[in-house]
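What follows is a pair of complexes built around chain A, which joins chain B in one and chain C in the other.
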Partner chain A sequence: MASEKAEIDALKKECDGLRTQIEAARKAVNDGSMTGASGGVASVGRVQLKLRKTLKGHLAKIYAMHWATDSKQMVSASQDGKLLVWDTHTGNKLVAVPLKSAWVMSVAFAPSGNLVASGGLDNICTVYNIKAASPKTLRELDAHTGYLSCCRFLSDSEILTASGDTTCCLWDLETGKQKVVFTNHIGDCMSLALSPDMNTFISGACDSLAKLWDVRDGTCKQTFSGHTSDINAIAFFHSGNAIITGSDDCACKMYDLRSDQEVINYQDTSLNAGVTSLALSSSGRLIFAGYDDFNCHIWDSLKGEKVGVLSGHDNRVSCTGVPEDGLGVCTGSWDSFLKLWN
Partner chain B sequence: MSSKMQSSSSIAQARRTVRQLRIEASIERIKISKASSDLMRYCGEHAKNDPLLMGVPASENPFKDKKPCTVL
Partner chain C sequence: MTINTLAKEGWHREQMACFRKMEKVIVAMQDPDMGIKMRNQRLLITVIPHAMTGHDIITWLIQKYCICEEEALHVGGMLVRYGYIYPLKEPRSLVLKPDESPYRFQTPYFWTSTRWPASELDYAIYLAKKNIRKQGELMEYEKERYSLLHKRINHTWDFVVMQAREQLRASKQRRKADRIVLECQEQAYWLINRPQPGSQNVLDMGLERPNNFSMRAALNSDYYKGEIEVCRRALGRNRVKSSICLEGFLKYTEQYQNHDPIMQGCLPSNPWISDDTAHWTMNTETVPTPTRLRVERWSFSFMELLNDSMGKKEFMTYLEKEFSAENLCFWQACEDIRHGESSKIIEKVEEVYKNFLAPGAARWVNIDSKTMDKTLSGIKHPHRFVMDDAQMHIYFLMKKDSYPRYLKSDLYKNMLAKAIVPQETKKSVFPFMRRQRHSSPSPAQAVTQTTEVDGRAKAAGQAGTNSAAGTNA
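Now for the complex of A and B:
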């Protein structure tokens, strides 16, 4: 017993030492703030986007949406128990996928456009072939012991999931089995985003931490702290060198991966609502963040200033997305509508 | 769980934490001034191709409802 206690004490001492080392290394590269550096950058002025379309069709709260890579199709998920695939140019519904479980929390479009995936309180990620004559269940990925909060395809044969069981997982869609399990969070995982080069991904969790993972070997490479509540939304900056997070603490943050720390905080005393979702414009200059206050607020990512707002929903904005061509932004809400703005 | 099992799982947990912290401590970090200038440069280079910054001309706006034209 005494030797075990001695070992634990030694390990704890080593942990403390390593944490101090990490903090010191971060401080050593902290030679100035991002807001200071961007002082000379021209302001974007007031960003005023117009509501172009309201997509009506769901009968209950919308929880998630995801653009197809063609920037035209988009899939949305509602607790009315349906996934709807939309042609956003015409506003028409292309495909309706009835769900076994109505308690959906996440939806994803495969890059090929052939498959969509969804999951939620059933703990299962179900993958559907939407190119078949009628939507066909391809796989039911069943191994998480908590709700499915987020899913993202790498290809038609691999998908990443994030779960309330505190783990993320990489699945092989050909076998339906887990390839890699990513464990390190101590709170429900709420959101994930794949890096542009697909070698790494980031996760945000209820432990208020964001983590960077190696997709192939399962290691957690970096941990980012600073938020004081659940991280609900996470996205990569398009260069792949920075990440943006959105939290129940009402703030968004940008962390630079190579400096290994927070570089800007996006917060406003008048904004007292949690961040539910976020998306970046194609240059990365604008952050569209959905909040519990029924609005999507627009931030200047470099200067940390609020530069606009998308108002029109009658309930919480639960999901936000910008297509690959950057031509607009889609917001989805608990009011059951999706809106397209540009 | 016997107290012996509890302490071995505590040791296992502590060892895992140390292993993880060693990984995180070992990375190379760049100065925030360099990180900031790289981010600003990226935004600057891509700004003119960002439709939400530059605006979308009505004729090229795929989301704008096309109203039928009447020839008078």
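Now for the complex of A and C:
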């Protein structure tokens, strides 16, 4: 027993030593701050977006939403046990998918628009074909030992999932089997995002770390620390060179992938509620972050200032999304409504 | 008054910021001068002092905050749902009725934020009191909870019963009116903090996330060995200077600013606002003439060009002129293998080898010998990523060589010249409105507009808000 403990202690010491060296290497390349660099950039002023549409139809809390790549359709998941596919322009519900388990936590639209996936406390990621006459269950991906917190399609053949069992997983939809399992987090994985080139993805977890993974070989390439609580939301900056995270510690952070460190912290003393979700405008200049205080606050990503707020929900904003064409932002809330703003 | 949870390092995070805001409204409502005028309400034969009607509440909200009736009903409804005001008739229905129904303010002692979290012991005492006071007064779900509590805190049950009896005895010595008020207040508190199953729980903090702790990653030697591996690799990583990276972000956001509809509006108009779908029609995958912004984006990065099917086709045309179209075809075929069906991988790899890699192949691609050898040996055991190295090589070849020349070519320049810049559609709803540069009031523009036009813009903006509210009822 004692020798085991001694071995673990020695390993831990080596590990800590390496981490210190990594910190030193990061510091060595840190020759400028974002706030300094963005000093010369024009301010965006006060960003006032108007509510354009409210989508009503869900009967209970909305937990997740995801835009289709055509920027018109959108899928949302609610605790009432339904997935609704909306035509956001007309406000019509195109497809209603009844779920086996009402405890859904995540939903995703395939880039092709043919499939949607959802999952939650049932630990299963279910993929549905919504182009059939009535929504058909295509696959039930069942191998996680914890709840499904997030899922994202790479194509009609592959899907990534993040789970409360601390792992992320790449599945082959043809066989329904796991292809790669990404293990390194020591807390529940809460969200994931795919890089624009789909070679890598990032995950945020309850261990307050964000990790960058290589899709092909399953290895963790980079780890980012700094948050002091669960990371609930994560997204790539559109250039693919940075990631944005949102956490229960009420802050959002941007980490640069090339210099391997945090570049800016988005925090305000008046904001004392956790971040639940986030999305970026097409240029990446604006960050829309949904908070527990029923609002979605807007940040200037370069200057780190709060520049606006989307108020109108009666309960926590649980999900946020900007479509590919960037025409506006959609917020979904526990008050059962989805709102479109721009 | 805030609901706090002690996060790590003892720092408080506010859970229900709405409480603080609602309490401000409630305090204002009870202001002796500017608040709601109280009166006595009759409840059966008893007179309840300091009560008000639903109508009073709504009228006060409308006046104080200059809002419409719908909004006042909404806000007032929230105050009732969160327990700051409770109904005297039908106490279980936490709804604000805009009529003569009587309501009363909850005493701060029973505000959810004052007694947070609601204690199990207090709930047990409350249920015990109800049970003792009148047999059969407990509802079905209350009976269930009562027996559950009895099991769970059995060790303090004597205390519970004793407290219940004491409180009942004390209340008997009060005036009937006061006693009824106290009972109503207590009942209202518990309706919020221990709601009936099936009714909306405003204090719901989320799905209970059952964690399988036995499967949790144990911090044992295997874990640390793995961590050390990861750290070693991470340490060896090439890191770019921050200043260069930050410049990159600034450039990117600047370059894409005109292409960001939220920041700069979009032409001819934003379909979300104007309900005119022309913008989408003009930007569909295949159009006879693309928009200028779209063609401009092709010059931002090679990836932008390839991601746009029209851009890709144009590039293919250019490459055909240069007799190097096989590069793009090869790249596309590799993408197909990477993202296509697993069952077709083997046959696709075969095809690619036959067409692009085999000696004397019809569309042979020029890859360096090292990569070629690696790929050829990989093909013996084909998998999804077997073509990655070769694909990467060809990608960079095109990016460094063909792509920049394409951007300088007449083909691209002509495309750019004949690309459409859509005319901004005038907002037909308000023809008298001043014609704006962008159809949606550009948030970035708002700052740079001169003060001279500010007044007019503001007035236009006001009208815009009203119209938006009207059309989106």
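Methods note: the second predicted complex is superposed on the first by the 329 of 342 C-alpha atoms of A that agree within 3 Å, B and C clash if a C-alpha of one lies under 4 Å from a C-alpha of the other, contacts with A are read in each partner's own complex, and residues count from 1 in each chain.
Following the convention adopted for this analysis, contacts are C-beta pairs under 8 Å (C-beta built on N, C-alpha and C of every residue); 3 or more make two chains touch, one makes a residue touch a chain.
All values reported here derive from a predicted model rather than from experimental measurement.
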item: Which superposed partner A:96 touches (first chain B, second chain C, both, neither); value: neither
item: Per-residue touch tally on chain A - higher for chain B or for chain C; value: C
item: Which of chain B and chain C A:340 touches, first, second, both or neither; value: both
item: Touching partner for A:7 - first (chain B), second (chain C), both, neither; value: both
item: First (chain B), second (chain C), both or neither touched by A:172; value: second
item: Touched partner set for A:181, first chain B, second chain C, both or neither; value: neither
item: Chain B versus chain C as contact partner of A:294, first or second or both or neither; value: second
item: First, second, both or neither for A:132, with chain B first and chain C second; value: neither
item: Set intersection of chain A contacts, chain C complex versus chain B complex; value: 4, 7-8, 11-12, 14-15, 18-19, 21-22, 25-26, 28-34, 37-38, 41, 44, 47, 49, 52-53, 72, 88-89, 184, 219-223, 237-239, 241-242, 256, 258-261, 263, 281-286, 301-302, 322, 325-329, 340, 342
item: For the chain B and chain A complex, residues of the former touching the latter; value: 7-8, 10-11, 14-15, 17-18, 20-25, 27-40, 42-44, 46-47, 49-53, 56, 61-65
item: Contact footprint of chain A on chain C as seen in their complex; value: 2, 7-9, 11-15, 17-18, 74, 78, 204, 207, 209-212, 215-217, 219-221, 223-228, 230-235, 237, 239-250, 252-257, 259-263, 266, 270-273, 275, 277, 279-280, 283, 303, 339-343, 384-385, 388, 440-441, 443-444, 446-448, 464-465, 468, 472
item: Sites on chain A touched by chain C in the complex; value: 4, 7-8, 11-12, 14-15, 18-19, 21-22, 25-26, 28-34, 37-38, 41-54, 61, 63, 71-72, 79, 88-89, 103, 105, 120-121, 145-147, 154-158, 164-166, 172, 174-175, 183-186, 188, 196-198, 216, 219-223, 228-229, 237-239, 241-242, 248-250, 256, 258-261, 263, 272-274, 281-286, 292-294, 301-302, 308, 314, 322, 325-329, 334, 340, 342
item: Residue ranges of chain A touching chain B (in the complex, touch as defined); value: 1, 4-5, 7-8, 11-12, 14-15, 18-19, 21-22, 25-26, 28-34, 37-38, 41, 44, 47, 49, 52-53, 72, 88-89, 184, 219-223, 237-239, 241-242, 256, 258-261, 263, 281-286, 301-302, 322, 325-329, 340, 342
